[in-house]
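All chains are identified by letter, namely A, B, C and D, in their written order; residue positions are counted from 1 within each chain.
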Amino acid sequence: MRSLVVDAEWDPRPEYDVSDDERESRTAMNASQVWRDPELRVVDRERPTPADDEVLVRVRYAGICGSDVSMIETDEDGYVHYSAYLGLPNVTGHEFAGEIVETGDDTRLFEPGDLVTAEVTDYCGRCNTCRQGFHGHCENFEQIGFTIPGAFAEYVAVPEKLCWDVSALRETYETEDEALRAAATIEPSTITYHGLFVRADGIMPGDHHVYHGAGPIGLTGMNVSRAAGAGAVIAFEPSPERREIARDLGYEHVYNPIECDPVETVASITDGEGADVHVETAGAVTQTYPVIEDTLAEDATVVHISNAGADPDLALRKYQGNGAQLYGSEGHTGQRVYPRVIRLMAAGRLDNRSIITSTFDLADADDAVRQAAERVDGKVLIEV
Amino acid sequence: MRSLVVDAEWDPRPEYDVSDDERESRTAMNASQVWRDPELRVVDRERPTPADDEVLVRVRYAGICGSDVSMIETDEDGYVHYSAYLGLPNVTGHEFAGEIVETGDDTRLFEPGDLVTAEVTDYCGRCNTCRQGFHGHCENFEQIGFTIPGAFAEYVAVPEKLCWDVSALRETYETEDEALRAAATIEPSTITYHGLFVRADGIMPGDHHVYHGAGPIGLTGMNVSRAAGAGAVIAFEPSPERREIARDLGYEHVYNPIECDPVETVASITDGEGADVHVETAGAVTQTYPVIEDTLAEDATVVHISNAGADPDLALRKYQGNGAQLYGSEGHTGQRVYPRVIRLMAAGRLDNRSIITSTFDLADADDAVRQAAERVDGKVLIEV
Amino acid sequence: MRSLVVDAEWDPRPEYDVSDDERESRTAMNASQVWRDPELRVVDRERPTPADDEVLVRVRYAGICGSDVSMIETDEDGYVHYSAYLGLPNVTGHEFAGEIVETGDDTRLFEPGDLVTAEVTDYCGRCNTCRQGFHGHCENFEQIGFTIPGAFAEYVAVPEKLCWDVSALRETYETEDEALRAAATIEPSTITYHGLFVRADGIMPGDHHVYHGAGPIGLTGMNVSRAAGAGAVIAFEPSPERREIARDLGYEHVYNPIECDPVETVASITDGEGADVHVETAGAVTQTYPVIEDTLAEDATVVHISNAGADPDLALRKYQGNGAQLYGSEGHTGQRVYPRVIRLMAAGRLDNRSIITSTFDLADADDAVRQAAERVDGKVLIEV
Amino acid sequence: MRSLVVDAEWDPRPEYDVSDDERESRTAMNASQVWRDPELRVVDRERPTPADDEVLVRVRYAGICGSDVSMIETDEDGYVHYSAYLGLPNVTGHEFAGEIVETGDDTRLFEPGDLVTAEVTDYCGRCNTCRQGFHGHCENFEQIGFTIPGAFAEYVAVPEKLCWDVSALRETYETEDEALRAAATIEPSTITYHGLFVRADGIMPGDHHVYHGAGPIGLTGMNVSRAAGAGAVIAFEPSPERREIARDLGYEHVYNPIECDPVETVASITDGEGADVHVETAGAVTQTYPVIEDTLAEDATVVHISNAGADPDLALRKYQGNGAQLYGSEGHTGQRVYPRVIRLMAAGRLDNRSIITSTFDLADADDAVRQAAERVDGKVLIEV
């Protein structure tokens, strides 16, 4: 079957202490310290066979994530930017939707013909972290498209417990094709849903939300916030293309943080009360945190979602003076995150389709990743 | 000024133990034990003068609540149905919107020209209950339209701290008139907002909500649930007129509980998972609780809002087997309830206008109450 | 090895609809409809071999639970009282502590010599309920001592993921023997911990707690409440022996609900404010609920834990008037329940040892169960 | 009556923009920018007369807070260290207990003879912040001992709503004198109670707590944590005297952060899991935050309570990787904070008496403040 494979050279930096586990599995805990000179190729691979607890999914649409891009972007020494867990060569891609075509012998939840999307992190369910309820931080985790084969391919084998039925979207959208296109945007939407409604506590309908960064995570996040009853949804985003997408989605409060005074802007929109919810989806933390901390409403919540390139100064006094709190958040694993986001979409409250600004054939998947690297799209999809 | 006044005969039932406070203030803690042979008249009254901490509001629209109706409905002995705190004669009416025309000497929050609506319960802020944060259960409370003059009148004087600015609705709706019509439905909306998002804990966007009863509280509640990101919103309501209003609001899952099997219906809509949120707004608890308890999703939340005419049997085993919880809720006082509901309305997520099915002139306010007593309207408004 | 085995006759009541699954597995979903004329015998059985994901525990102490008793108590037709999931013949017992003596090939958490106790419910981790975080209501659950062999035996094989290390108790108590005796009371303690701190939300240190029923669950619960910072801990219990145990534990507010006026009693202790937390551990719901509902503090929480023999009338008005809530709770599975209870014990804040009022040899385990059936003990232990 | 008065010269720094309000009221929003060359004197003042809503308290014990000290400590230019709201000259002191000797005409909660302590912040109850439930951040606040006369005096007049009855402590301790000595430590205890149980959400009994700083707030906080069911309570404190006090209180995990490796220490005590609750009561944030961030357990909570002298770098990645959160907290106003702390003390779970290491007569109150400035005591009390 056709698939997009990323490979690179295993060349650990001298100062990086490679563990035995990493060496044996050819999987680096911090890819940016080990993988060098990446290559991206559409190749032919054998179609996977589902294990007993897996289902085989015929992929139909798969979205390109910032992490997919950062696996082929490199520093001056040729090391990839991606700085988390990565085993190569691998079929990448983890935001996808498709149809189940085969089920493992020990599966019970699905049947061929079901439309599904999937969580990314395969958790063991048995380690000390899992059994205390933190499956997203499983001590023995694998990740689809990072350490096990992903979805930029005609077929992907996925543990059944990670799959969620999206067949109900057939009724929400006109066609099955449209349903699957929309469903491919569920995974990025779950990132903010998890941050706002599983990690954080106490966000209320009618709260004003600010997004610092309106890339794919920020844009789907704004949609999640709106679906969940935000008051004003405000976005700061330097890219004019992305601001345009946000406006097309119906958001009126979309600004270039470089050209406006973001603190004044938030104050004006919120009648001087400040914003209740601050979502960092930009990564530009030395610029965003000073703004966040000067626009905290009483009892404000900051949700940190991006990969921060630095450690910003924290104005603790302002968190005290406003009774504010900050939550670190990553991923989307477990609990009711996927089914609830799917229901929002099925009920028509969350429609991400106009965020999709480019669609490529699987045959041109490498071009798709390069297009995403331009950082002007909402979401780049691969159609399989 | 013109106003609608309710009066009745002070004739305590022999078995009712009237306290000195009640006798002195001519205010009954349980109206149905004391007030007999009520009368409803549009009369001329002196325009109130705002106290130092009050503002004077020129009322523009005022909605009729079930409690207004129950003050003139009587049992066979002529005692009123309303069973809470009531002092007569009084100008009734507590769901209203209008314009501030005068401010007391010690007010700071508003200026003449501001459009406002108001909370109903005036709390002292100093009793043991208030100072622990439970202002809605203030030990020294008064209530607008129940024990102090209300809003079925040209003017009403209201403590400043109970008023909330709705001027932002001018931008949401086309005209100031339309803004004020909509604003008159804020008070009933806050009843469910308070139950779902202040009293209850853990309701998540994407949860399925069921309303047992789609009268004025149920209908505005369904709108609150939808604005706050409910998945499916399901309603059971025997009145065909009210079911029609619900359908016109865009709800597809609206049923007559007498003609369908409500348990089957919920099971079918929720793929057998049950509903996450159950709102009792019917009062018919011996009928609704068995349905609620057979349709509990895992971790389901029951919010009891209506005046229950009886004490239903509680199937405790089902709350255990589903990890479910039940919250008693009444009123809407304090916290961020009003500003958040107003923001939902200002953001266009909560539009109650089509719930308003009849509008009467203040001159015909008595007819308006009688119309509401028919229990076929969504909301009956008085235009002042 | 020596073990206590319960057996009975498979004789479904005519009106009970036995499923194919039940018939094949000789496991009744509702034991009281199927199992008749139970027998209790200490017999010799083969020592279990741990599966790959299991550990083998040399049992040292095992407590007798009300459910163990209800498997041998019968109605007039000879059917057992126990009304949940039960497969016979089986080694019963699920409250235990011991030492790991062997580990399965695929285990990672423990080594021989570790002291452990265990959760009761073996969950699949893969069904729709588990993967949404509700492992205690797993759709494919088994239960140690109910459907799979339990701990009234020299050895028990347990899935590793259910075991929790109690080795730290060696430092808290004088001897390993004492540590294991104490550790055998962890399981009942987790039942209330789960109800108060996982199911319920918002219980604050300094809240007043009332226990309705001071049997083994109530007594360990009172200790949990005290360890967790309750203000007053009040107990109502008809058995003089159990009241005496409660007093020996240092509780001053222990009453016979038949001889006192419980409503007055709570009012007097709480200065008329009512109790914040009400734990039903009696099962006598038609007697306890009227008391609970007349002693609700503002924002009070009711946690229902017992097997209720009936459905009490629910005075909804009182839950509204006091802003109160009710949670159904059962079991203790998953999350951080076990490790947190173990830490409370290790820190010296939770000492259940004086609740243990009788200890029997495994050879006399049948007598131990009969002693527990007298319902005068705190906790009856079997020493293995 | 005898009282301790702080005075200083009103000499705003040139760069500080004095508002009209500040100038008129001789009250600086930031004392350290305005008040210079402070003096501390025990003088005779007229006994206050309680206003209608106030009670008059005969002070019996009053504790010295770090803020009292910072009003007389100065920088090289002679400006005081205290950097918040301060009007001079004023009787300082806000941690106190005493007996009510007179009640204003419009009070209802107390009678002469009642023993009380009091909250510090007088809130208006009517501003936009108060009416949304955030009384601690009232827009029109005054503070006892900062902007209105305080408790280092024979008598203090206090708004009734800020007072809380401690008469129940008479039964907990042997004598009324002992009860009042203990009650004078309630105020500092409420600071951490508010941070851990009102501001933060989700702290569970059995969690491991770390205090960074064991001064008066840290020591009373450790007692609150223990009373509320912490697992291990760990403290890092450079002062050997304060470490000794902590050990005398029964804490075994008390370390000098300069001489040990705090990260290793926490790892060792928590079996490598990290600490669940981190309380910053030191102010040395550039030293403490790196330790906190390297010892975060999964789902850890950081509560920031101290006056931070700097803005530390925030290692956002660690909050994400551990699913951790940070809360800013200050004060203790409103909700159920005081009554719950009093109940913990009345129940014998919170005993701060051995934290009191020095007691001075009111006649020597100036020496008491100077003693506190040595920063070696647990708590310095003034006996009146």
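The criterion applied here is as follows: contacts are C-beta pairs under 8 Å (C-beta built on N, C-alpha and C of every residue); 3 or more make two chains touch, one makes a residue touch a chain.
What you see is a predicted model, and the numbers here were worked out from it, not measured in a lab.
*Asks:* Using the touch definition from the top, list the chains contacting both subunit C and subunit D.
*Replies:* Touches both subunit C and subunit D: A, B.
*Asks:* Comparing A-D against B-D, which pair counts more contacting C-beta pairs?
*Replies:* A-D
*Asks:* Return the distance between the CA-based centres of subunit B and subunit D, expressed in whole Å.
*Replies:* That gives a centre separation of 42 Å.
*Asks:* Go ahead and note the Å separation of the Cα centroids belonging to subunit A and subunit D.
*Replies:* Roughly 43 Å separates the two chain centres.
*Asks:* What are the residues of subunit A that contact at least two other chains?
*Replies:* Expected reply: 128, 132, 336, 339.
*Asks:* Once bound in the complex, which stretches of subunit B touch subunit D?
*Replies:* For this pair, the touching residues of subunit B are 53, 108-109, 125-128, 130-133, 160-161, 334-336, 339.
*Asks:* Under the touch definition given earlier, write down the residues of subunit C that touch subunit B in their complex.
*Replies:* Subunit C residues touching subunit B: 129, 132, 134, 136-137, 199-202, 273, 285, 289, 298-299, 304, 307-308, 311-330.
*Asks:* Which of the residues in subunit D come into contact with subunit C in the complex?
*Replies:* 193, 197, 204-208, 224, 226-232, 336, 339-344, 346-347, 349
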